[in-house]
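Next come two complexes built around chain A: one with chain B, the other with chain C.
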Partner chain A sequence: MRIKALLGHREVGVAVALIVVYAVFISMKREFLSAGTLGDIVTVAAELGTVAVGVSFLMIAGEMDLSVGSNFALTGMLLAMLVTRLSWNPYLAFAVVLACSAGIGALNGLVTLSARIPSFITTLGAMMFWRGLALYLTQGWPISVFTDVPLLRWLGGAKVYHTFHISAAWWLVIGAVFWVVLQKTAYGNWVFATGGKRAAARALGVPDTRVKLVNFVLAGVMAGLAGCFQLGRMGSMSPVWGQDLPLEAIAAAVVGGNSLTGGVGSILGAMLGAVTMASIRIGLVMVGAPAYWYMAFVGFIVVAAVALNVRLGEVISWHR
Partner chain B sequence: MKRLVGLMLVLCCALVLGGFGSATLAADELTFYVIAHAGPGDPFWAVVQRGVQDAGKALGVRAIFQGPAGYNVPEQVAMFRAAIEAKADGIATTISDARAWAEPIKEARKRGIPVIAINCKEPEELRGTIPYMAYIGMDEYEAGKMAARQLLPKLKKGARVVVAIHQAGHVGLEARAKGITEVITQELGGKVDKLDITQDATQAIGILRSYLKANPDTAAIFTLGPLGAIPTIKMIRDDGLKGKVLMVSFDLDPTVIQAISDGICEGTVDQQQYLQGYMAVVELYLCAKYKLNPADYDTGRGFVTAETADAVASLVKQGYR
Partner chain C sequence: MASVTQASVASDYTDCAPGSGAPPLMEGIGLCKRFGKVIALERVDITIRRGEVTGLVGDNGAGKSTLIKILTGVYRPDEGELRFEGRKVEFASPKDARRLGIETVYQDLALIESMSIARNFFLGAEPQRRVGVFRLLDGKKMRVVTEEALRDIGIRVRSANDEVSVLSGGERQAIAIGRTMHFGGKLLILDEPTSALSVHETNKVLTYIDEARKRGLAIIFITHNLYHVYPVADRIVVLEHGRKVGDFGKDEISVEELVQIVSFGARRVESGEQR
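What follows is the complex of A and B.
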């Protein structure tokens, strides 16, 4: 019975995928199982995962955000520009750029909800628009911060242990907060209800429009924050970085048991999804496989993990 | 349920082992990584990859070329870190971002892994901030000087030339322009104008035409890459300027090679990127094996002229140039 209860969790699919990925890579390259490698994986996962957490939260409420990659690049770039070219106080600049990323999210929400067009379309447009603006602002050039800015070290530059960057710790904190809000609060119930049966939720007095709007804003802020993490870690931000991010974040979310149509999902699952994808990225390089295998591998994992989840769902409901 | 998990496991293993089973070889084999900021989907980097693989075969070592699908430094850094964790015997990388590379390369060196820079390096004012052991690539400034010297015998004393820059502010292009300007002014006593022709072909032709109208004594045009060369070649063809205005360019491109064969363009500087892959592996191998310190290697000594254009065109097709 206990096993059945365990199998009922949405994270099972991704957990199995992660174990398989680890087993395969360790068998091919012993060094894959080391603190240094794990640190690299978690560091890559932290930036993708922060975006994925925001996207999952929005997906559970039944909406989508494809503009997270552009938001990521624009926010990181604005922070770099304000700190270097305009010599702003870094903390003030940080607050301002996060407000900008929230604004991008809010705009996505307002347009989607008031014009009643699918968020896929709204955020597809937003993705192109903000990317274009980012390219225009720097004429395509990356912006680097060469001075020592403590804020950037705090965001992602500092290493806490071995190859573990501080951004991974922030990501865990963010994940925990979102998990608690989703699982333990009334707001979390509203999110599930809004994405599940919207009409029923509305009849029960759930402010579904407001919930969606708030989640759009949160997805935007998470994307911007991830951009700041990356700027902190790399010291540079280019207007062309983060182009694959929206699809990678959605892939991490669905691998982790989030539904594309909303109503169900898991923050922990999305985080494990991000770790799985980062493991594939690092692992393929370590075994010396051509980098293009990454795409193929992720594609396979997405379908396999979701298929496993669906199958499990059927088995569980059958035996109930 | 169990069957499904089992099936997935088998499928995964089959995919991995079937796809690149040859990846797991003897553990004591020397392994070198060459990591670029773009992958072999880009024809330029496909040539570098060729060089890496050929060197690996020649030396009997594992030489791995890696690069993200598009220009993506964070992904490149992640690959570099993975190579460190894989305990590579040496890594070559492009310095695609002067800020982002200082720390990863410091870490690799701290862990005893030799690192060589290829293709591009940090700008002059930051020299010495990134601890790679040697640079294998074109010296942009020296390449500019060489391009100008190729044309010296064909120019009169005090001639006027124009340097058409298609991306003003680009560190590499500016260095090329500086090399050209120095040679023309100092060795020929000539006049050099630098012209921002933008990356837009239509605008470029317009800007060049009005420059030539205002300065009919212009003897030669230097373009700094295919983006500048292609509109210039078109203008020379359209306006019948062949033989009246000489032209020299940088980098290989089918249009440019054709123009060289046709006598419109005197020649183009080739940075011979095959060498950047090949020599990186050779130097890392010698460093790992005999503790020989890697040395700088200037690959930008190639100059394609009408005599060599046909041979180069076929080598481009074969993937060596």
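What follows is the complex of A and C.
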């Protein structure tokens, strides 16, 4: 009974995937199991994971955002430009660029909801548009921050322990907040309902359009914030970074038990999905395999974990 | 209350004047609705009483759903008025109607399959508890109250935390009905509640409808299957081409006669209206 209750969770597939990935890399290289490696993994996971949390929250409400990668790059770049070239106060600049990322999310939502077109289309267009703008602004060159900016240290540069960057801590806090909102508040109930069956939710008085719009904005802000984390950690941002990010974030979400069509999903699952993908990235480096294998591994894991989830779901309902 | 309304059905079914037994819960008087040149509803009167099941029957396009959308605030009538508990009312939106206790259970929109029974039960009216400055869902209350409320009307579920997708169609209808009763609905409108159900399931849903009636709810049961509505109905209203062509207390008419009216409307309409 207890095992069945455990297997009923959406996160089982991704938990198994994570354990398998860990086991494989440990068997190849003992050092993979160490605090230092774990620190590297969660640091990488923090940036992807912050995007994945926002995307997953939006997906549960039944919408998609493919523009998160462009938002990520543009927001990070804007922050770097405002701080270096225009010498803005970093905190003001941070507030302004987050507002921009929220605006990108809001625009996605407004266009999708008022034109009544699939968000896949809207955000595909937005992805190209904002990427183009980012490339234009720097003529394709990366922007670096060479001076010591305390804000950037606070965002991602500082290490709290060993190889653990502070961005990982922010990510855990963000994940916890999103988890509570989704699972433990009335708003979370509306998110599930809006994505599950929009017309039924509306019939019961759920403000479905507002829920979707808010979630578009949150997905945008999370993408922008992740861009700021990366700028803080790396000290630079390139207009071509984050091109794979939308699909990686969606992959982390579906591996973690989110549905592409909405209504079901898990923030914890999406976070574990991000950790799994970061583990593959770090593990391949440690065993000396070409980094090109990353995508191939992730592709395999996505299909395997989702297949496992579906199979488990069938077994559980069969034995009820 | 039930006995009073039963008596009023028998004495004068067409009369909605005050003083004839229980006062009506809701009345529509001379309701008209046009969409361009199409007349969807033409001068329809309807009277809904507490503790009564009103069957609303008619073919597709007869005006059933237009009438219901007027009663629930989705449409505004072009002519005619609505009265609720004796007072004239105008609905700007379905919210206004819900505030008065008019609840609709749509066949395919009753519940959200991917969510738990308890989350469905309280959707849009979630109980919350304060934790510091935050307001969080009261998960325990949601589960316990849902299970109690369902048990109360004779619906048994394994756990209120089960997903709705594990329930049968009849159980889903039952839970939607139970939800309306729990939240103090006065008028329950069921849109084709039995059309997708097996015979056994249909019978179960009919017993829940009966239970809701015993508790004094007014119920409108929309269907095109007369054999489903006849056993539980107290009165039957027949619509055809946007007009009311029949309004009968159950003891005045047999199900066979009703089938005749619905199938071959016109001739019987004449005699029905002359009475």
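Here is the rule we use: the second predicted complex is superposed on the first by the 320 of 320 C-alpha atoms of A that agree within 3 Å, B and C clash if a C-alpha of one lies under 4 Å from a C-alpha of the other, contacts with A are read in each partner's own complex, and residues count from 1 in each chain.
In the analysis below, contacts are C-beta pairs under 8 Å (C-beta built on N, C-alpha and C of every residue); 3 or more make two chains touch, one makes a residue touch a chain.
Bear in mind the structure is a predicted one, so any value in this text is a computation, not a measurement.
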Partner chain in contact with A:142 - chain B first, chain C second, else both or neither: first
Which superposed partner A:304 touches (first chain B, second chain C, both, neither): first
Which superposed partner A:186 touches (first chain B, second chain C, both, neither): second
Which of chain B and chain C A:163 touches, first, second, both or neither: first
Contacts of A:78 with chain B and chain C, given as first, second, both or neither: neither
First, second, both or neither for A:197, with chain B first and chain C second: second
More chain A residues in contact [chain B versus chain C]: B
Touching residues (chain side chain B, partner chain A) in the complex: 1, 4-5, 8-9, 11-13, 15-16, 19-20, 23-24, 31, 33, 39-41, 62, 64, 66-75, 77-79, 81-87, 97-100, 126, 169
Touching residues on chain A, where the partner in the complex is chain C: 180, 184-186, 188-190, 192-193, 196-197, 199-201, 203-206, 259, 263-264, 317, 320
Of chain C, residues touching chain A in the complex: 94-95, 98, 104, 106, 109-115, 119, 122-126, 128, 134-137, 139, 158, 166
Complex contacts: residues of chain A adjacent to chain B: 7, 16-17, 20-21, 23-24, 28-29, 31-32, 34, 36-37, 40, 44, 47, 141-142, 144-146, 163, 230, 233-236, 238, 240-241, 243, 281-283, 285-293, 295, 297, 300, 304, 308, 311-312, 315
